[in-house]
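In what follows, a structure is listed as structure tokens, so that the remarks can point back to it.
A, B, C, D and E are the chain letters, set down in written order, and residue numbers restart from 1 in every chain.
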Amino acid sequence: KDTVKIAFIGPLTGGVSSTGLGGRNSAQLAVDQHNADPSRKYRVELVKLDDECKPNVGVQVVTRAATDRSIIGAVAHYCSAVAIVTVDTFHRFGLPMVVWGAVLPEITYGNNHKEIHRVNGTMINEGKLAAEYVHKAGFKRVAVIYDTTDYGKGQSVHFTEFLKQYPDVTVTGSYGVDVTQQDFSAELTAAAGGKPDVIWFGGLTPQGVAIRAQMQRIGISTPFIGVSGILNEGFIAGVGPKVAEGVVSFHNGAPIDKYAKGKEFLAAYRAAGFKEEPDAYGPFAYSAAQLLMDAIEKVGPNRAKVREALNATRNYDSLVGVINFDDHRQNITNAHQYVVQDGKWVYWPDSKYAKEAK
Amino acid sequence: MNDRTLVCSDVTMRFGGLVALDAFSLEVRPGEVVGLLGPNGSGKTTFFNVVTGLYKPASGAIRFGDQDLFRKAPSEINHAGIARSFQRCRLMLELSVFDNLLVGAHNRLPNGLFRTLFGRKAALRSIAAFMGAARDLCARFNPHIADRLFEPAGSFNMIDRRRIELCRALLGEPRLLLLDEPSAGMTHDETFRLMDDVTGFQRESPELSIVLIEHEMQVIERVSQRCVVLNFGKKICEGSYRTVVADPQVRKAYLGEDA
Amino acid sequence: MEISFAFQHLVNFLMLGLIYSIVAVGFSLYFGVVDVVQFAHGDVVALGGYAGLAGILLAVAAGATGLGPVLGMIVLAVLATGAAGALIGRYLVMPLRQASPINVLLITLMTGTAIREALRLFVPGGSNPSPFPMVLPDQLLTLGGVSLRVSSLIIMAAGVLAIFGTHFLLSRTRLGLAVRGVAQDEETARFMGIDFKQVVILTFVLGSCLGALAGIMSGLYYRQVMFNMGLMLGVIGFCAAVVGGLGSLMGAVVGGFLFSGLQIFATVALPIPSAYKDVFAFTMMICIIAVRPTGLLRERFEERV
Amino acid sequence: MSHQLSARKVEKTDWPLPGSQALASRFDRRAGAFVLMAVAGVFVLACILALESELALAGTLVAAGGLWWWGLRAGIIAEAGAFSDRRPWAARMVVAGAATVLLIAFHGEHYALLMISTVLLFAAACAGINIQTGLAGLANFAGAAFFACGGYTLAVLAKSTALPHFLAILAGGVAAAAIGAVLLLPVLRTRGYYSALVTIAFGILCSSFLQVNEQLGGAQGLQVPPLTILGWDMGSGFEVAGREVSFYFAYGLLALAVFLLSSLVAHAIEWSAIGVNLDATRSDELVGSTFGINPQRWKITAFLLGNVLIGIAGAVYAGLTSFVSPAGATFEQSLLLISIVILGGIGNSWGSLIAAVLVILLPEKLHSLQEYRVLIFSVFVVAVLLFRPKGLVPRRMRDFSVMKERS
Amino acid sequence: MNGQLLEVEDLVVGYGSANVLDGVSVRAGEGRITCLLGANGVGKSTLIKAIFGLVPVRRGRIRFRGHDITGWDTHRIVAQGLAAIPEGNRVFPRMSVLDNLMAGAYLERSPAKIAARLERVMALFPRLAERRNQFAGTLSGGERSMLSIGRGLMSNPRLLVIDEPSLGLSPLFVKENFRLIRELCCDDCAILLVEQNVKQTLEVSHYGYVISQGIVAVEGTGERLRGSAEVGNAYFGAEAAAH
């Protein structure tokens, strides 16, 4: 058998490394399963690269992957800030890639590079669903807090954009916070001064935890909803199950066990004995790796051909559902809603809150 | 006119409530060596600091030739032709001796950025030109220093450091030299040798005037033409060495002899 | 603004200012002894937070209740940071006394990075914030529309006590004299019979214990600790110490409250997006430094020539 | 502060030189030493870049370390230093030649070329920081912020004006200096740690500002179109004699030019009256001022000039990576720059080049250590500072007498 | 122990590769003033530093009141009753005059004793009393010198080592200084004096050593040294050789 290399690129160190490591393990699982299958033509080797969630490092590692001619494609990036600058690099070197976690719309929609694909949805989907939920739940006044990275900032832009569809909902205040910030009491007190019905947070777990915990501390009992960045075990562990109860979040993926092959994946993941959890984006990394490997199986280890094959993906059946790329090679998906119930993230339709709402 | 007389009149310097200089006046004419005496803490060093612009006096007037130096920046005052030594040795110990000397000659070096970057040859040549002057000057005081021009000043012993400090002050070709206890820590003999070297230098450039703070009375007697005695920031006596040592006030406050 | 919100801002200001102050006091203390800036201090604060957390968890696991976890928290935090401080003082700062200040700055910055990374790598779940259990009484006191938690009161009291304790130690005891002597002229201090090594190590232990206190306070108040909480805290603490006047404890306190005040002012009262609050606070700090180059409270001392 | 400069001391001069011993005059010897160093450097670098196996890499590093130690012992490194003091231009030409050979050897390897260019540009920026920190004693902890200033200027100018890119790069330097000028007042009024604080605060302020400012692309930063320098389109590769040459090759040459420029400027400044003025300002401002040195003037000169160099390097780096973002302006990034300066030996631009290789290239290659990289790096820096506080290649004592020798 | 407080035997110390002192033996007896003479840079201050454990001893023994103190930490040595007034009037610049004096009594814990000593020093140097709250760093050269002497007295030592106390003092104070040194010397307090001012030093001291080129060139009572040609040689010989 010939050996073919593919790259996995994600944040393996730094503050968001838990997601990165989950993604890496999931991609590794897909590769191992591929290699264990005797009917496959190629043996695949996974080259794991760390973008540190830093754009300049991202460009370096992508260049590095691209330089290695035996690397045919990449499963890349959780951090939007990195992905948005490396898309040009992928394009320049003609290295096909599939985004497994970054949700900034511009990564696919901001260019027309044929190399760039994405299996997960974008923050547009999340923002749309969040706005819908705010409206349906009858909240009239929303306070918006976001971190000033392009992830949080982008989330807040799309969310507030969709909110405009509902004239009876007003934004009482919008607060950008720094990712290195520890103390949010000033923003929270100011936000509470606007008497909101709900506080929406766009950002990642560390700040999400701090904000939710500090709301409790100060005694703000306003409901708290957040983006997919807080949808992980870390959030509940961080604020404690009691305080986390009732927090709502939105995500492009359904729970793993809602997918047809979800249980299977989890079982295999456990069996492989990885130290870290797959995290919310593990299934996407797994699917992206599978998609890429299948394309290689189909057309052989040639970047241009693999790119064409990936471009043409329609009705590809994957762990995260059927993948259909639109004209910007963006998978067409919908967001899903989650809520913390009894110390666990629960799929909204299954939760007691959904039933109460009805 | 090229008159370079230092005229200080009614200079007053206060530190909080303390009056370190109290309406002190002094005139130093070209070519003159003036000894500045006074008990410890009477304001001698303060006077030097005021003249060189390190302290900003409260009132008074300081003129050097036709230039007004009152409350000017130290670098401006140096441009007017005043150089000094320090009571406690202040060489830049990690720099080479020659670098230290170049600091003294700052005003005579090509300091323009443009020339430094684009006229390298000429700029370097003018520095090299100083090397001879620096060697000769150092050799006067101690040939040993001249041989080790490119070693760190910190590798020299105290006495040589004092000599280097003197060379640094002299290399800028000042019109007025302020020496603050240049011989502190030296033996009798060394002190005299040092002062001979300085006066020797002065003989060659007769315009150079010197104000000398020194506690060794024999040195003062030998080199100074005029003495000024300070006490509590006030001038208590002025005149030739003889008049000064004979003054009862001076004898009591400074020399510790009964009048 | 309603009274309750105004009061809440006031509480935020005091709490944040107190934490900054304690960190800044640490910086001032180190500067006072060895004339160096110990930039790993922020990360020692984080270490203190984590060690306190471990102390609580251990005590709880051992079945302790009531004051037990509090004790466990304090003991472990003090032990861990004290050891870290002693090691940093003895093996990093002391050998580098003669080196240029920028070397010391860099070496401590890198030590801080190492501590931070070690926390992230070796604490289970270290790259995410860890929840910090509330071990103090936590009732909400309400009085005339304003409310405050008992735990906040206790934390504040502890902080104020620590600052005054340190101040007393430095100004009224022999240790204080030794500390200042060593800072100003090590060799002469040794001629006076001051045990140089002991003084340096003692100060570093003391400063680090203050750091532990700051870490615990921030853990208790914000209910979480995070591996990189020390970075910004360190920079802000340093900034506060410098603006207050390095070497002056009260200056550090003033600087700490000033910084927290500026941040809150920017968020609440300025017509700029709140994301600019750090930009505002740091700009103001630079301006203050430009106007008072030796800090707000430092006695003006000019070297004689 | 300790003695920062090492005395001019060549421990041993009897290392074997190929060729006739009689021929080996002092000068040849020094030139030979320098060429030897350059060749060895290029060879080690090539190994680091080309080797994938970590074992081989470790072997290379150990060999390089051993070679270094031998060079120190035998006085080759000291003689090479003496050569570059005496013949700054010739030394830089040797390095230029060696680097060009390296670039040609890796002409098709994008990654290797990218890394070489990155190393050169960081070393160039460090030459600027060296002027500020090493000579004038102004600790610059906002290096990355000024680096990013250069990049942002290029990005804005290239996007919204028709200014030739060559000029836009220079404008990056000017802009970095202009923005740095805002800091002049506080930097001039403060000393020591107080001025370090000013730059630390400014660096953090600057990256927060870039992060939230919409006009400059917010957290995403700005894209930089491929540069056209003197009519040459840097954005695409080309073929020579049937071999494909990466577009990074041209950037590599540009980066080399920028590095040589910076290091020449740094050398010219150090070896001049200005260098003496800066040293004096650093080590005793008060004495300097009583001898007519206006400390303000020299601090301003050093700060602005250093920033120009940092800004130019930053602009070219933005062109190289085709983007600038606030992530490049963070405090951590500034620390990286300062670590390079101090690791290499404060005040020595060759040292910065060597340290840049260690700090930038090595971590990228050690991917089996992935998570532990930062930890290892920080421990490494601590160790170097403890055991070699003057850095790997300490600055040499300035010896103007070599000027006489030449004429 | 036969009236000897401090005994330095065959001491070798140096910096880097060179030895500054190459086998020096010096004794300071109880109740006496012993002086050390020698040209500049001959190593007198180095000897003092070695006694106080501030430079490593390469060979030889140092004994104080019968204890072998070679290699001890400075603070332990000082606790034995040895005090120094270091060269160059090194005061703590950013401390007040009063705090400087207090630092001198660092090892004394009894406040009453400290107060008594303070009073004595203030009486000896009224100028210091005047300036008690001024930063020591802003004192004039001579005032610093007084401060450092006063500080040395604060520890009430058995043996006081003084390194060039009259450096930078006006003639009046130099006289005062020597008078003071003579006064200080008593049964409880012996003095080891390093001075440049040969004539007056020999007048006050009971015994003296002249160090030259790393060894003791001459030793003897004050009178004997005063008449000796070697003193002149030792002082000016080194300088002459350099020229």
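Here is the rule we go by: contacts are C-beta pairs under 8 Å (C-beta built on N, C-alpha and C of every residue); 3 or more make two chains touch, one makes a residue touch a chain.
Composition by chain, UniProt nomenclature: B = Amino acid/amide ABC transporter ATP-binding protein 1 (HAAT family); C = Amino acid/amide ABC transporter membrane protein 1 (HAAT family); D = Amino acid/amide ABC transporter membrane protein 2 (HAAT family); E = Amino acid/amide ABC transporter ATP-binding protein 2 (HAAT family).
Since the model is a prediction, treat every value here as computed from it, not as a measurement.
Trainee: Averaging each chain's C-alpha atoms to get its centre, pick out the one most distant from chain E.
Mentor: A
Trainee: Among all chains, whose Cα centre is located farthest from the one for chain C?
Mentor: B
Trainee: As a quick test, compute the distance in whole Å between the mean CA positions of chain A and chain E.
Mentor: Between these chains, centre-to-centre, one finds 75 Å.
Trainee: In whole angstrom, how far does the Cα centroid of chain B sit from the Cα centroid of chain E?
Mentor: The separation of the two C-alpha centroids amounts to 31 Å.
Trainee: From the C-alpha centre of chain B to that of chain D, how far is it in Å?
Mentor: 42
Trainee: Taking the mean of the CA coordinates per chain, how far is chain D from chain E in Å?
Mentor: 51
Trainee: Two or more other chains touching the same residue: where does that happen in chain B?
Mentor: Within chain B, residues 45, 54, 86-88, 90 contact more than one other chain.
Trainee: Find every residue in chain A that makes contact with two or more other chains and list them.
Mentor: In chain A, the residues touching two or more other chains are 17, 148, 176, 178.
Trainee: Could you pull out the residues of chain E that touch at least 2 other chains?
Mentor: In chain E, 138-139 touch at least two other chains.
Trainee: Spell out the residues on chain C that touch chain D in their complex, using ranges where they run on.
Mentor: 31, 37, 91-92, 95-96, 98-103, 105-107, 109-111, 113-114, 117-118, 121, 231, 235, 238-239, 242-243, 246, 273, 275-276, 278-279, 282-283, 285-287, 289-290, 293-295, 303, 305
Trainee: What residues on chain D touch chain B, complex-wise?
Mentor: Touch residues, chain D against chain B: 1-5, 7-8, 265, 268-269, 271-274, 276-277, 279-280, 283-284, 286-295, 301, 305, 397-401, 403-404, 407.
Trainee: Please output the residues of chain D touching chain C within their complex, sorted ascending.
Mentor: So the residues of chain D touching chain C come out as 1-2, 4, 133, 139, 183, 185-186, 189-194, 196-198, 200-202, 204-205, 208-209, 211-212, 286, 331, 335, 338-339, 342, 346, 371-372, 374-375, 378-379, 381-382, 385-386, 389.
Trainee: Within their complex, state which residues of chain B touch chain E.
Mentor: It is residues 15, 18, 37-42, 45-46, 87-88, 142-144, 157-159, 181, 184-190, 193, 215, 217, 253-256 of chain B that touch chain E.
Trainee: Once bound in the complex, which stretches of chain E touch chain C?
Mentor: Contact set of chain E toward chain C: 52, 54, 73-75, 78-79, 83-84, 86, 90-95, 99, 102-104, 106-107, 109, 135, 137-139, 151, 155.
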